[in-house]
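Several structures are given next for inspection.
Both of the next two complexes hold chain A, though its partner changes from chain B to chain C.
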Partner chain A sequence: MTHATSRSEHPDSLYLLVIQSTAPYAHSHAQEALDLVLAAAAFDLPVYYLLMGDACYQLLETAQPELNGRKNLSKMMKALPLYGVEHILAEAEVLQTMPPRISEHLALQSVNAAEIRHLIRHAQHVLRF
Partner chain B sequence: MKFSLLVLGAPYSSQASYSAYRFAEAALANGHEIYRIFFYQDGIHSCTQLATPPQDEFNLYRAWQDLQSTHQLDCVTCIAAAARRGVIDAGEQKRHSKAQHNLASGFELSGLGQLIDALGKSTRVVSFGA
Partner chain C sequence: MKILHTLNKPPSHPALVAQLLHTCTPADAILLIEDGCYHALAPEQLLKATPQVYLLDDDARARGLADAGGDSLQRVNYAGFVALCTEYDKVLSWY
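After this line comes the complex of A and B, so read on.
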């Protein structure tokens, strides 16, 4: 895992930060946050996608949401880099407590509280789900 | 200042839509510009023409329509989020072979690109209901 870059290292002077902090399959927040991230990438808007708290469980490859009639988001997560979403971040404190996840298929960046503050402070827009 | 609003919460079951309405009203009264109001997630329920609150309650649906009409606001509803929740216009009614359509006048179904556009062209985007 790598750490988020500092502001001086950000290649994108203007970027959208999408923060998801809700569990992936409890409601539609995750799916619609992902839709927004993909739309931003499709319109060439630099986007940082940050998973915090329960949203980090979206990284679990063992989830079986189909059993609850929900679409499995892991394929969408793995496809993000193909759509130009280069910055997928997750809260370091939560990752440390989690079982194996899908990070080997993602260029996942682990970010601590100070780095999250930095990302929020310098984003052009922050949208939270 | 040029604002856009993102409405994410359902009317009545959350405060989001009413707060957004009051924000838009106050911003316009104070000389600010509203570039776009985008309804997403459960916020799309503000855009139905079928909801009918009791007569002794504030009619938020009518209030949105009046505000849109008075100021010619660009009120856009995410088409995927709306169709998923049963708010469609005549075009979607035909496309999905449904018996009715229920998008209120003054609102338009469109894609998330409209939100991305608003992010680029507004001084501030304020979200309600996250």
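After this line comes the complex of A and C, so read on.
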């Protein structure tokens, strides 16, 4: 896991911000957020994918959602860089409560509240799930 | 009179958890199901209300919580879920 991006790294140009704040496996919101991120990447749209609150539970890499008839989103998360999704972010405050359980294979950026506010204000579009 | 409380929401629903804790006595039990399993990451608050806190194993493992909570939580399968429902006088769902 890499730590907080600086504000200067956030482009002040066009980008889509996808915020997911729902837990991964009780509903389809997380799947829909990921599908949107992948679709945006397929069209070469710069996209930031931000996990807030309960969505950070998606980073628990030992999840076996197949037991509940769901797809394993942590595997899809790891594949995001292959599809050109370079900015995968998670709320720093939540990450602090679960650091040993986060996949070390994911290039994750931890962002604080000020950085999240900056990301939202500078995005061309923001979609929240 | 002892009650089985089922909880299916994560810790981000503090008002719901507060209501559960206000009504739970030490003779009662709490069963964590679905997203309620995330309480296993920090079950101390629930364990103060009752020592009988159960975790539905399939839902916990689905969420990457196979070993969360350690020995402080008792794991049950679906048959165990049914057995708890028959063991307690009432089942109260917090959702």
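In the analysis below, the second predicted complex is superposed on the first by the 113 of 129 C-alpha atoms of A that agree within 3 Å, B and C clash if a C-alpha of one lies under 4 Å from a C-alpha of the other, contacts with A are read in each partner's own complex, and residues count from 1 in each chain.
We adopt the following convention: contacts are C-beta pairs under 8 Å (C-beta built on N, C-alpha and C of every residue); 3 or more make two chains touch, one makes a residue touch a chain.
From a predicted model like this one, the values you see are computed outputs, not experimental measurements.
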item	value
Which superposed partner A:16 touches (first chain B, second chain C, both, neither)	first
Which superposed partner A:64 touches (first chain B, second chain C, both, neither)	second
Partner touching more residues of chain A, whether chain B or chain C	C
Chain B versus chain C as contact partner of A:86, first or second or both or neither	neither
Which superposed partner A:25 touches (first chain B, second chain C, both, neither)	second
First, second, both or neither for A:97, with chain B first and chain C second	second
Chain A-facing residues of chain C, complex	8, 10, 12, 34-35, 38, 41-42, 58-59, 61-66
Of all residues in chain B, those that touch chain A in their complex	6, 8, 40-41, 80-81, 84, 111-113, 115-117, 119-120, 125, 127, 130
Residues of chain A defined as touching chain C within the complex	23-26, 53-54, 57, 60-68, 70, 74, 97-98, 101
Touching residues (chain side chain A, partner chain B) in the complex	16, 28-29, 32, 35-36, 39-40, 42-43, 45, 124-125, 127-129
